[in-house]
Amino acid sequence: MDKITLLIHCKDQPNIIASVSNFIANNRGNIVYLDQHVDREQDIFFMRLECEFSSSSFSLEDFKMDFKNGLVKTFHLKWRIYSSEKKPKMAVFVSKYDHCLYDILGRYNSGELNLEIPFLLSNHKDLKPIADNFKIPFYHVPVTRNNKAEAEKKQLALLESHDVDFVVLARYMQIVSSTIIDKYPNKIINIHHSFLPVFVGAKPYHSAFKRGVKIIGATSHYITEELDAGPIIAQDVAHISHTYTINDLIAKGRDLEKIVLSNAIKLHANRKVMVFNNKTVIFS
Amino acid sequence: MDKITLLIHCKDQPNIIASVSNFIANNRGNIVYLDQHVDREQDIFFMRLECEFSSSSFSLEDFKMDFKNGLVKTFHLKWRIYSSEKKPKMAVFVSKYDHCLYDILGRYNSGELNLEIPFLLSNHKDLKPIADNFKIPFYHVPVTRNNKAEAEKKQLALLESHDVDFVVLARYMQIVSSTIIDKYPNKIINIHHSFLPVFVGAKPYHSAFKRGVKIIGATSHYITEELDAGPIIAQDVAHISHTYTINDLIAKGRDLEKIVLSNAIKLHANRKVMVFNNKTVIFS
Amino acid sequence: MDKITLLIHCKDQPNIIASVSNFIANNRGNIVYLDQHVDREQDIFFMRLECEFSSSSFSLEDFKMDFKNGLVKTFHLKWRIYSSEKKPKMAVFVSKYDHCLYDILGRYNSGELNLEIPFLLSNHKDLKPIADNFKIPFYHVPVTRNNKAEAEKKQLALLESHDVDFVVLARYMQIVSSTIIDKYPNKIINIHHSFLPVFVGAKPYHSAFKRGVKIIGATSHYITEELDAGPIIAQDVAHISHTYTINDLIAKGRDLEKIVLSNAIKLHANRKVMVFNNKTVIFS
Amino acid sequence: MDKITLLIHCKDQPNIIASVSNFIANNRGNIVYLDQHVDREQDIFFMRLECEFSSSSFSLEDFKMDFKNGLVKTFHLKWRIYSSEKKPKMAVFVSKYDHCLYDILGRYNSGELNLEIPFLLSNHKDLKPIADNFKIPFYHVPVTRNNKAEAEKKQLALLESHDVDFVVLARYMQIVSSTIIDKYPNKIINIHHSFLPVFVGAKPYHSAFKRGVKIIGATSHYITEELDAGPIIAQDVAHISHTYTINDLIAKGRDLEKIVLSNAIKLHANRKVMVFNNKTVIFS
């Protein structure tokens, strides 16, 4: 049995759901999940749909071709179709912090993540032993002030040779340039250790401490050229008090970062995120 | 323009979404919201759908008749159709506590609730001034050990004469018998001041204090004959500490009760709740 | 029996707790609550203490005089002493929104708030009926572009003639000038409908919607001359999703505003807040 | 400089704080933290205090002896004194689940936990590689229906020979008998995968699913002879919906279990927990 996930968006207009569900029925498919959203400010229709094809004669290639020549043209759809056969491939970029990495790999090992991790990459060697323990290839690509262009070239080569679908920056601590962003638009997930858009940039825990906030947060978002300003995928917060030192904030923040980043990874890997005009639609 | 909300459930089977969306398209309707859920344990399909009919020739009665004679038979659907023209009518039963009542009426006044309140009813007169202030009819129906059957007869007469759609027990403090429950199945919403199913019955805050829990909760549910065991609509919790006295728990609990009950009311009034085998499906 | 609350802060130094508790014991007082905090960044010691004096010969005035001439000088203490006999008087400033007002008055009526409300004040007449229902004097002081100085003069006169201890701006919607702030430093509590310091200024829900955040918040703080930058007393947040319209955000926000403002009022009225360098210490 | 933590409880009575702080001042100590709580239901006074002794002539043994012969007798104190020099030793018992273990060891490695882990112990060999990676001794003590008494004897011997202060059951999945509990009263921390006291016993996620609750939880508590009924140290919860399968609940629950257990470990290791009559006082 073939199972696919279909994501579409287009200008809002009548009969999209009926037309798409008809198209699937005509291909002897059965819809097992459908959720949609209309952004009334921008007049955009979004839909996420899972369906199964049990016919032995089903061909995904033919289905895509027919879809492209039919409904895509009629409704001017933007669309993506994923086969559930193929798990997405996620590269993990890290630096020296290990808390997000342990969290991701623990979930990966337990079977909680519906994805493959072809490799870890870091500008430092510190976390190589963790990669070794979990038996995941590790690439050390040092980044210095002078070799950044060259380093990103190496990174791109690795992403391409491993057929990577998306990248997660698990506290990577380096700014990724448009060289890479442009090749992976809305496919590079970052974790920022604050409740964006507050406290952008470095040292958000110090800023939070200084301002005396009673809640801290973490934000996972797709990176874009503008720093810390990309579409937000997931956020969470924790209550704090005047008794917290900056180190306490950092420790509490690590818990938030882990959970929020893993949530974002799961949403992306399960193709539940759509992006439009720098905002996300997150299907359940 | 006519706008309707359609709720269906049935044994899970192929092509339901396509058939229903086709049926609507054939009636020149446009689906503006669709969400569905498959309960794989029980093999039941649930769907909630909103659609608009802009044709001047549209007749809701004809639509219902066609639906009933067509898809309902084909798929053995259980179904409900609501016109958005008609706001549901909610009766509010109270006793002496006023916090949930103020919360409901404050929201009602602000236009936040998509419903009408034909009357308040209480076994005591204490809250009549609040009803007066908000200009809502108030009925005093005393309930004693001896007159319960008679009192419920009066209540039923009021519910029927005011064409009430559902009832909210805003800390009503009386057990409602099957005489009324049977006439309003899954239509009587209660607020219980604990995180059900823990601490059922009276005095949950005392039980929570005694057990030394670090979190308290509140639960809104439809009442059924079994006390505190009906389908759960909404729950929320708050962190507490050893410094809380029982009175502190009660005060904190009031905040939870208000929010949770109002959430449940909004979900029900917006026809976002479906019930099957004592569990709810809550559409977003 | 006399019961007092003592708040002190000073440069951190040895023996403060022993000296103060000795002083109280020597006055035949019994400490029933003591909490302290040392801000190690600024090297400041904070303490909050409640004690009871059961001796018939106890004189609060003598106690204060002795304290002032003794420990205050020795340790260079900043100090405040409150008798539990005297409930603080809180003036409530409102505009047209009623949700925070209903919440405050509901709690006030239920006995949850340890304070007195001598009057409500508004630049509009809309909420006068609520004041009437709760039998609280209402003053209408219109504020226009041209009469602001005069209006604030009237406000100050009312605050003084009613012997007001602190003011709560329950969605007052007007900027309070330094004329009033200077007379009530860290005694005017505002509720801001965002998770400060993000989205300062007006229309935070619109900004939150535009940025696509997944969490919204509310902040209660003392007002200072710099807009929305005063010491934060309490904050809370709620999760939202892409399905929320701006109106949904506003409705959800009302729930946050009510709870957060009431928490701040309770903390202030119970003398649990200390302010130093634009940050708060909140005792439990 | 010597730094100690002092925990006391006794029947509530006047002058305890003054007497203790005096005693410390007389020993030329400086109190750097003091928090107390009076349980008014049971009339019990609890206090936690940290103080520093910079005098070169300070002797902890003498201090303890004086304290024991003086204040302990005067006030009939129950007391514990810990030197900050000595980190508590925590044994970790596991079975086959690794999520709590990874979480604990990740924090241990990062320096977040103020304790030492002399060994891991399991009834299975599955998690030995993790112990090896983190370079912590691992003991395999199989437990069968027939060898339980003997196995617990081995466990006790290990606990004693390693001078273990407390034990954490990180999803150990075996019932620990009174043989061990009696030797480590309020020193064996368990993580239960529900919001106790609801859903005691095994399979709480199945019970939660069946009841249709909208929130799940996790509870960390000291084990006592009565199953799942010991003093609660920490709890947390997460919102769920009808879309969650039992496997989704289990995955979500893992996140709760990790956080709640680690919180409990930190509270215990930092000597912030006091137990009285099966309830905890948790100092901040």
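When the chains are written out, they are named A, B, C and D in that same order, and each has its own residue count from 1.
As a working rule, contacts are C-beta pairs under 8 Å (C-beta built on N, C-alpha and C of every residue); 3 or more make two chains touch, one makes a residue touch a chain.
None of the values given here were measured: they were computed from a predicted structure.
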| item | value |
| --- | --- |
| Fraction-based call for chain C against chain B, same above half, different below | same |
| From chain B, the most remote chain by mean C-alpha position | D |
| Chain B and chain C: spacing of chain centres that average the CA atoms, whole Å | 37 |
| Interchain centroid distance [CA atoms averaged], chain A/chain C, Å | 42 |
| Set of chain A residues in contact with two or more other chains | 241, 243, 284 |
| Chain A-facing residues of chain B, complex | 14-15, 17-19, 21-22, 24-25, 30-36, 38, 284 |
| Chain C-facing residues of chain B, complex | 98-99, 102-103, 106, 109-110, 112, 129, 133, 241, 243, 251, 254-255, 259, 284 |
| Footprint of chain A on chain C - complex, ascending | 37, 39-40, 195-198, 211-215, 217, 231-237, 241-243, 245, 278-282 |
